[in-house]
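Should a chain be cited, it is by its letter among A, B, C and D, assigned in written order, with residues numbered from 1 in that chain.
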């Protein structure tokens, strides 16, 4: 690896933003050169805002967040923007960034349903990147990751979907506090409690899942025909979304075939993406796994910690396959998802001096 | 009410046993005269073992638990036994009690599937009490309550089942720590965590639900034909089981009809049972209810606190009705369930000088 | 009791405000006629804002909070105001209330150090009420309760202070989430964590303790000469402040004398105050008490639940007495403290047609 | 480094044992060759017993715990034993190990007060290692670490003790669940709660502190004359003991001098011990630190994560210095402490072919 692509994190003081900084601090392909802050966080040192259990990367602990506009980013030589801003706020800024030719990889929901924007989970629908081919000259690539509970769901199920051809998914979630960002959920709302509501989450689980599993044809994605009936609830866990899933299948493979599918699944095995876990889905056979505290950091290497989904308690009584799955909401379902998206985009020539330049 | 029936609590030092004592301390129909202890708890004062947030009833705080056998209970004039022993231990003792003519109302699983024993939730299947008519002369009545998550499920859904005629239930639970008794779950197992496994709980949810909703014909219960696909998980909450339920219906009533059914449901309205809540199911319309900490003590009176199920977040997209429901696992789903069972049995003449004495 | 005094709660939608409503809903001396709301809460129903585990009092659940000014209160016939507003906001409003002749009993810190205002814990310094005698004609009485951790400290120690004549107190607190109100502490700040800082709390513990234990002479309070060295920390508990206390004593009574002092302490035994617990301090001998979840609701009656302090783990190695104490921060250390203050003021003729009306 | 010393972990299935395995899995000086189990854990794979958030080291995840006796260890070529057995069980086994010439570094309390055994915190009392010089020929060295809360206390205060010459320490602890091992504290005992009692902990804090800070003279340690008045409580935190400390000083250095002492403290700077953190005590200036979730993994390198104590909220009002300090109870105060002790012993020639051999 020679030159690293200069990149920025927007909303670097937020919970997802901090995970972005953690993941990018020593990244072999991207060089973090700009920490963007909002009204409250600009001018403050990253270490003052830090919420994660892991200490801030030494090289950035003292870094001060800067008020950020797309113009300033472009001027500062940033080429690649990781979007950690809250949904709602993020949209217009990201639009302006790509108009100026910056590449944007966003965690926000604003552009996820935009027909021109890949809603990407690299192991699941890498081909959707081709949506970028249709963009206008001079416009930077914009790629979004999926909602945190959706990401875990589609990744964990991806290995067996071709065997099962499901018609319907029943999902109940046990979502972590960090899914709401900081300050997020009030402690008095969740101590000794569960809150059976997360705004718009059930809808996102359905619409995003159908889109990610959809087929790219004629320059647009046709949603998979699949019913997703979700219940979303918040539990008093710091990180790691657990999901109870029942798949209604139209095919009846054997349990051995299903387990083999999970074990052999590694579509990015040879892609050489630094943050990709191998395997991306871990199958556990214990009676009581996956669990947030034990499995959220699943991943095959230091760099890919928290990037693997974990599947367990598989119960197969055709046509119903039941299982629990877990993924780290802020890593795989957040910052790490977008970093991996950018790595895939780079590998496929959409960044730097490759296809991205050629899009103009 | 004149004479109160002398009663005992077996396993009075356990978590369910303590709720039994709390509920029976000033009961208008039953007089608590015996606190039964096991090997570890016999000889200790109730107050030393007390785990509940509410203080022990003053009249029993200093009471010492006694080593207990059916013979001693009979000798001491006890007529009615509330079973708070753990499943496995409880079975033989309960059998011996009824052989000696004592009435037993048990929280244990041992006899739940016994074809002669009513598995009773008074508002749901009161007619199953008639199973007692077939017992041999001299044998006391034995009635069990249902598993804690099953009780909440069948009670919360009872009002709408006739309208929906469901073919399948999808259930994911968020179960409280106290469901495992004391000491139960290790703190290191659940702090900052969710455990997606509770031994045999998913099976119980299916088999018990089918039995409770079954039809009594020819002296036995024919199970309801109904598929129950459950996922059971433990969360770090002290009391109150939350359940995410999706009902697959074969009928399509309007939402108005469903809500009316919930609101009008009160089959025991005129039964005069002291511990019965009116209504037994509370319907909430807020975006984020029911919640354990806010709704576990639902019930219309001081005596019926924790006896009502609470239903909320009703989403009806035929043929799927989605909702969350909550009930207090240790009260409605435990000690309170059995107390209410005994109240119903008394009202129907199975206890005291009524049918029980005349038992053929 | 005949006529009940019409009263209002300011900040009725807040955590302390809700406890005020709970305590006043069926009060024998005070009639709750006005629920005051702030900008965000005015116009909303109390039940929508409700945060407590116990359900809202039925008579007030549907009540709508009203925008409130002292003028409106006076016009509406309110005579007595319970102040549940946050410190900072409360001060000017309370001042204006008493200028209009209303009686104010406040939970806010704003006037606690005002030399004319009694900082009152009825069992500890009832005589300080006499500060009210010096107020100008037409001005209503203004009484504040103490900071939540201070109240528990002075109440729990009051029985033994005359025997010990301490020169210094070492205090470390384990304070509950509700001490910060709602929304208060972010869940991500406290889950799996302890936060060793509560703004200004350590100072308050020192200054308020010295004032409450001070002597009224010549119309003003001379602070007790007593060093209080505090460490204040927040723990993930909903309600109930625990404090580890080491008293440096100048006298050496026997342990028997100390225990007797705690047991016999009940200075309001004959005062007939509805919310007063008897005894106000409970002494426990178990190895592991007091605990928030087991002891926060200490109190001798339904009305006085949560009003007693609980002392335990007493270790006496002269000159150092070590103990843990607990009190319910939002009841005894909050709303209940002010209600009891008003009850004492009424009994001593400072309210209604007694001394207040006659106020010179 | 050439040959690594073959070592065993006793009690490898326990919470401290697992941290031992984690720390020794890739240790440059010690080679982990034996995982010892007890009755329940022998024959089970380490991964089945694993409780830590971090995954088990790949090389040992599948390793099966073995029933262990000192004879078997000696036969298997083990030279060095890390003791993770519970106090009470550990004593006789450790004694037998050293009788057979094995070196033992123990986390158990059994031998801590043995006058011939160094109670060692390397940065604080490295000279106490010389106690080993007095042992009989053929007997292996036995070194214990201190109780988990004691270790943090003496390490955090070590830099400033010479300046302050304290006469008394007041300590109140906020101790993590893992301090009690697994299963340890029942979840119902601690959820929404604090437990103000840990068996014998307060005594250990006093006696061990005095011993560690004592002076080695004439082949024995004379305890420091220092009063330690402790209150120990358990809070619902997974890992990391927080302590509120008030030091009564006999000297009055300036705050600048104190801070300088903390910052310059690194007595092992040149010792080259692999697990030693540099600095061993981190001083924080934020208003709300140290916190368990943010500071428990303090340490300058991957290997020394969790080995540094963190001091914050320093308040100096002579003669009282107040502060909070935090250390990882299971790392610095447990397994890591013993590993560091062994590293120091090796460096000083008490292990391998150095002084240990020469002791015979």
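Just so it is clear, a contact is a pair of C-beta atoms (placed from the backbone, for glycine too) under 8 Å apart; a residue touches a chain by one contact, two chains touch by 3 or more.
Note that this is a predicted model, so its numbers are computed, not measured.
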{"item": "Labels of chains that are neighbours to subunit A and to subunit B", "value": "C, D"}
{"item": "Which of B-C and C-D has more C-beta contact pairs", "value": "C-D"}
{"item": "Farthest chain (mean CA position) relative to subunit D", "value": "B"}
{"item": "Separation of mean Cα positions, subunit C and subunit A [Å, integer]", "value": "48"}
{"item": "Euclidean distance of C-alpha centroids - subunit B vs subunit C, Å", "value": "40"}
{"item": "Chain centre separation (subunit C, subunit D; CA means) in Å", "value": "43"}
{"item": "Where subunit B touches two or more other chains at once, by residue number", "value": "191-192, 236-238, 293-294"}
{"item": "Residues on subunit C engaged by subunit B in the complex (per definition of touch)", "value": "48, 50, 53-55, 191-192, 238, 286, 293-294, 297-298"}
{"item": "Partner subunit A, residues of subunit B touching it in the complex", "value": "170, 172, 174, 191-197, 229, 231, 233, 235-238, 242, 244, 246, 287-294, 312-313, 320, 322, 324"}
{"item": "Footprint of subunit D on subunit B - complex, ascending", "value": "15, 51, 177-178, 182-192, 236-238"}
